[in-house]
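Two complexes are shown next, each including chain A; its partner changes from chain B in the first to chain C in the second.
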Partner chain A sequence: MTKKTWMAGLAIATAAWGSLASAQTALTMWYHGAGNEVEAKIINQIISDFNASQKDWAVTLQSFPQAAYNDSVTAGALAGNLPDILDVDGPNMPNWAWAGYMQPLQIDESKIANFLPGPQGHWGGKLYSIGLWDAAVALVTRQSYLDELKLRTPTLDKPWTAAEFQGALDAAKASGKFKFALDLGMAWTGEWYPYAFSPFLQSFGGDIVDRTTYKTAEGALNGPDAIAFGNWWQGLFKGGYAQATQDPADRDNGFAAGQYAFSWNGNWAALNALKAFPDTLFLPAPDFGHGSKIGAASWQFGVSAKSTHPDGASKFIEFALQDKYLADFSNGIGLIPPTTTAAAMTENYKPGGPMAVFYDLTKAQALVRPVTPGYIVDAKVFEKAVADIANGADVTATLDAAVDEINADITKNNGYGQ
Partner chain B sequence: MASKFVASNRTGWLMAGPAALVILSFVIIPFVFAIIFSFTNQRLVSPNPAEFTGLSNYRQLLGMSVLTLDPVKDAAGAVTMAANGTPEYPSLRSYTRNNPDYPNLEGMREWFSFSWGEARTYVLARDVVFLTAVINTFIFVILVAPLQGGIALCLALLINQRLRGINVFRAIYFMPVVVSIVVVSLLWRFIYDGDSGLLNNLLGAVSFGAIPKIDWLGNAHTALGSIIAMSIWQAVGFHMVIWLSGLQTISPTLYEAAAIEGSSSWQTFRYITWPGLRNTAILVLVVITMQAFGLFSQIDVMTKGGPLDSTQTIVFQAIQRGYGKQDISGGSAISVVLFVIVLSVSLIQRWLTREKA
Partner chain C sequence: MATISADSRGLRLAVRYTVLGIIAIIFVFPLVFMLVSSLKPDAQLLADTASLRAFLPVGDISFDNYTAAFKRAPVGLFIMNSVIVTGITVVLSLLVCSMAAFAFVFVNWKGRELVLTIILATLIVPFETIAIPLLLISSKLPWIGLDGLKWGWLNSYHVQIVPFMADGLTIYLFVQYFKDLPGELIEAARVEGATWGQIYRRIVMPLAGPVLATAAILKFLAMYNQYLWPLMVVQEEGYRPVMVGLQYFFQLNRAWGEIMAYLSLITIPVLAFYLYLQKAFIASIASTGVKG
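Let's look at the complex of A and B:
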């Protein structure tokens, strides 16, 4: 019931923005980045450029804090008050598309042919969303640590094997120099768990759901490969290589303070690491048998299902896909530009740039999270399962329970229309 | 002609109206919806229409079964021993997953198990997390209700004195109540920090390092206890004020009479203060019980139900399922179960504290 009054407020607010534009047809847009000045500056620049570039459409922006954004979209959708353009976190897109919040983009696919796969939001064979950036995760360490521990520097072509990675952790632990050998970011509960840790599972050969049908998780999340992942994962904590509960402050500053030999962290934290240690390295994920994998897909833009001007909304999104804006976002907030041409225009990702390695990592190893409307539930189930296993729960029983919960959800939703 | 009840109560209805309207629209109607939803497969977000599914949500929530297994025996009939010297039992998984002989056990999990002679009895449940949440909530209520009420009474007795500056103490004890529970929970997360937390440093300092550092919220054995202690501290001031108001309604002449009769301070408390606080005691007990069953914010901020479900609670599960996992029907079923539990407990409390003729 509280939602209703809230929605009424939204409705009034939406109507108010609508009346602002006069000659041009008004398009409304929601964005998740309220509170971030740099982000706001870039997005406002794109909007004013677009509005000035043609006579048909005028986009107006409403920003939300990220923590409240998804709830606002759900509330807006239930009340039938979604804007024309909205942004969506990549793995959530299939859920919103399935639920009828979004419609396919009217953008010619040839326009995005040179994009990395991560920022392209396809579902049901159609392009629903497109991102102006991607994000990537790497195994962060220092050249001096590798030298001291006498470890081979892994490369994209020849990443560490599971045994080599174990050897590196053993060496780091035996050196006695570090509080923990590995910082996994256990403090970042939430989407970080499936985003950062499910690629390990996929490298072992398992997955959160069976991607061939998306009808079951049986065998994918509790098969022999997944159980091998679970045992390895539990061993990290039982063996004292990593901590199951972590102080958020340690996550933010631990590597720079020399507490950890290796840190599993994203490109957004790379500049700080480089600032602390100029010899910081960003290594590819270890290969546990089925190739090195890292997560892909970040926030993307799409058009709401209820928009009466999907053509104008798509035009705006297409306009925003220019390399200069992709480069602006990258320079402004450190994200990975989705095209090589945009990457060449950035400070950090141009060939030879300090973070160029992330561009190569995401190109070579990135795997999107399961593309299904059920992902919203799958992600929470997976998060609980890896947290429980880290805390010492029985691996097989925990994975079985996760499979049952995911399957029950798929059944309850009549297979999510797949 | 309006009936006398309506007419003579027109002003009354006018005054009660706004509150009644708010209660109707924010409590009663949503709750009726929850009852209806709990018999369907309603989702928060879905293009599929909701279907009536009968009791399946409740079956899923409360389904339980018992399985007794004999230990594995080798060819000679001797019990096989596991590495740790206990008898080895067949894997539960072979019964609860894809076993056509035991369709009723499909998808169940071990809740707990015990040995009875050679055989081992497993109590299986369809939703172990929910049952754990129910147990945790009851542990919380059973510990918090008497402890919080008792400590609040002690504090009330302490500050019910005419001393210089007593208001300072009243303010200090009451302060945690006016701070938002979310802020309090965040602060206590720092206090309980396993590494550099205030509590660990304090214990280390008073014991000269003899007490090892404990990860209070990260350890399944200490997490619920830590949250109980913090919750008692946070709300004790509120109940202290209620006790205090009760204390101040007791007529001073009774105390004077007791003093003249030469009663000890324990006798004064036992025969004058405590009987005088009877109604206050009932109020405090009922309020604490109700609040304790609603335990949510501390869990959401501090542990999210972990580690290993040691801090799962009923309300946290209801919200996590209904909103986080978009399963409104499952969340509604939990709310209805909670309603039945709270209603039964209140009825029992009423019966226990009834006026005995």
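Let's look at the complex of A and C:
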């Protein structure tokens, strides 16, 4: 074979390979994890595996920093420039679906039957998003603190009652050993407030909105149970158990520095706590009368309404739901895998693992935030109300005003179509 | 009497330098804190904030935060993008706004007072109120580039530059400055047969050094600190500027040392630009009465 023939053959082969490669339809994807090297590595690996696994679709990724992500998506939607696949913070999904940013997933739901409820993004009876992990909050403390303060170790079956929790705070305060008995994370403004604090309200028997209709907050956010929550909440700060305004540095390092006896914190901070104190415990939320509650739902994947290839986009999301990727994310960034089989593959959440308790907490206590397009407004109103109450505002008047604001928003948006 | 006068002058000088010294320290401390903190590990940085050690390069000092910052985000790319966008916008803005001001001050045409009033009125309109209409327009505009005609300006340098090429404040600065130039110069040039272009190029602009410096610095700062607009119109990392890039460092567990390192790095172009134009800037403030 002459050199010319070889060259011609090579050219034809290259062209054939090129046309084969270009036969893959391009799918664009936006993700909120820019700046997180570990997340970027895992998501790129999933994309690379998916692109190599079939010949129909090729996903390309555009990462955004988390703090700028929601605004970028809103601007993209306004400009008609959304990608095929996007990720969405669980409680925001109903709003994005209602606003026409997202369309339902084309995924066989039997494939996610074994998922924890938090990562499943249903709205209007349809599955719009699915998460590769969940997040949970626990009452972080040390076994040595409980021993010193002579406190019972609460369990999932028998969490602390409101009285027991108050007793624990009193004991921690009376010991004089801590700057504050309780670190609530007041420095983390924004979504942390409804995510972390509304479960207290729900455990009291109230809620941010009335979930039976999603048409009013009357009674839910200003009824007797909600007022009882507000009084208890305000008492934490008036009584000197917790600080209403907190330095972010104290939030990041206060528990490890021994400033707090108890810290209300998420599983993402658990490894650092364990590193600081090997006897760290992750306790279930106290039961204020209507069961122990913690928040649920984290970031999830969905398909944009603009996508002309929802089948391909859904295929990618389905591909990403493999246990090995769920385990990779959990091992990489410490989040809770959504299936027991994936949990068993992880370092931290396998049975007997140092953070396995979070999986059990999520399974037993998790309650998703109100599944309504109005949540993005409700969340801000709730955040302001609990911050005001923490700073001494009148409980009843503040909650009444919050109800009025939420109801006005629901009315303005014609009930959000619900 | 001479002795008393000298003493009093000396005292005044001492008071003046003391006050200026205190003001300088107040302004320099945040910069010192940023630079020093960028060299410390997070635990030490947070522990030191409660004492004067926060301003001293003591303890476990290294450039690890800088290495980590470059690993977390394409810092060089963000700085380059900001310098490109800011640099081009500053140059175009000086050109366009000075020409506009020249036309308002020296050329007689019908309606110029009304047009100038309308332009100055835009000073009271916050950018946030026009951001969405601007986004809708710029996402549909045509652009002829190296790869031919393209519809929509999103994800480009020009979408970050063109809307800011002219603004009311810069035009106002030039107008005020041009009004103080001796009218005889312009009249003499006209009598000699100079065209408006020649007068602009050869007479007015060579005298406009201080106002050029002021306008350049103000525009530079405004453009370099852009956040909302690039957030809205740039979805591709390749075109992101430094302020959007800053968000890469605000994860749940914040790496404060890396944040300080990143801030130190992105402050360098601003400081360099200001120091380069400092004298002219101060001269311009003194002559135009622009403050704050």
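The rule we apply is simple: the second predicted complex is superposed on the first by the 397 of 418 C-alpha atoms of A that agree within 3 Å, B and C clash if a C-alpha of one lies under 4 Å from a C-alpha of the other, contacts with A are read in each partner's own complex, and residues count from 1 in each chain.
The working rule: a contact is a pair of C-beta atoms (placed from the backbone, for glycine too) under 8 Å apart; a residue touches a chain by one contact, two chains touch by 3 or more.
Since this is a predicted model, take the numbers as computed values, not measurements.
Set against each other, chain B and chain C differ in how many residues of chain A they touch, and the higher count belongs to B. Legend: residue contacts after superposition of the two complexes on their common chain; A:N413 is shown touching chain B, with no touch to chain C. Within the superposed three-chain model, A:N253 lies in touch with chain C and out of touch with chain B [touch as defined at top]. With both structures placed on the common chain, the touch criterion links A:I376 to chain B but leaves chain C unconnected. By the touch criterion stated above, A:G100 is placed in contact with chain B alone, chain C being left untouched.
Looking at the shared chain after the overlay, A:L274 reaches neither chain B nor chain C.
By the touch criterion defined above, A:T189 reaches chain B but does not reach chain C. By the touch criterion stated above, A:N391 is placed in contact with chain B alone, chain C being left untouched. When both complexes are aligned on chain A by C-alpha atoms, chain A residues 78 touch chain B in the first and chain C in the second.
Partner chain A is touched in their complex by these residues of chain B: 25-26, 29-30, 41, 43-48, 60, 92-93, 96-97, 107, 109-110, 128, 193-196, 215, 217-218, 220, 304-309, 320, 324-327, 329. The part of chain A that touches chain B in the complex is made up of residues 1-2, 74, 77-78, 95, 98-100, 189, 244-245, 247, 250, 376-377, 380-381, 384, 387-388, 391-393, 396-397, 400-401, 404, 408-409, 412-414, 417. Here chain A touches chain C in the complex through residues 30, 34-37, 62-68, 71-72, 75-76, 78-81, 248-249, 252-253, 266, 268-269, 272, going by the rule given at the top. Those residues of chain C that touch chain A in the shared complex are 43, 46, 49, 71-73, 132, 135-136, 139, 152, 154, 231-233, 235-237, 244-245, 247-254, 256.
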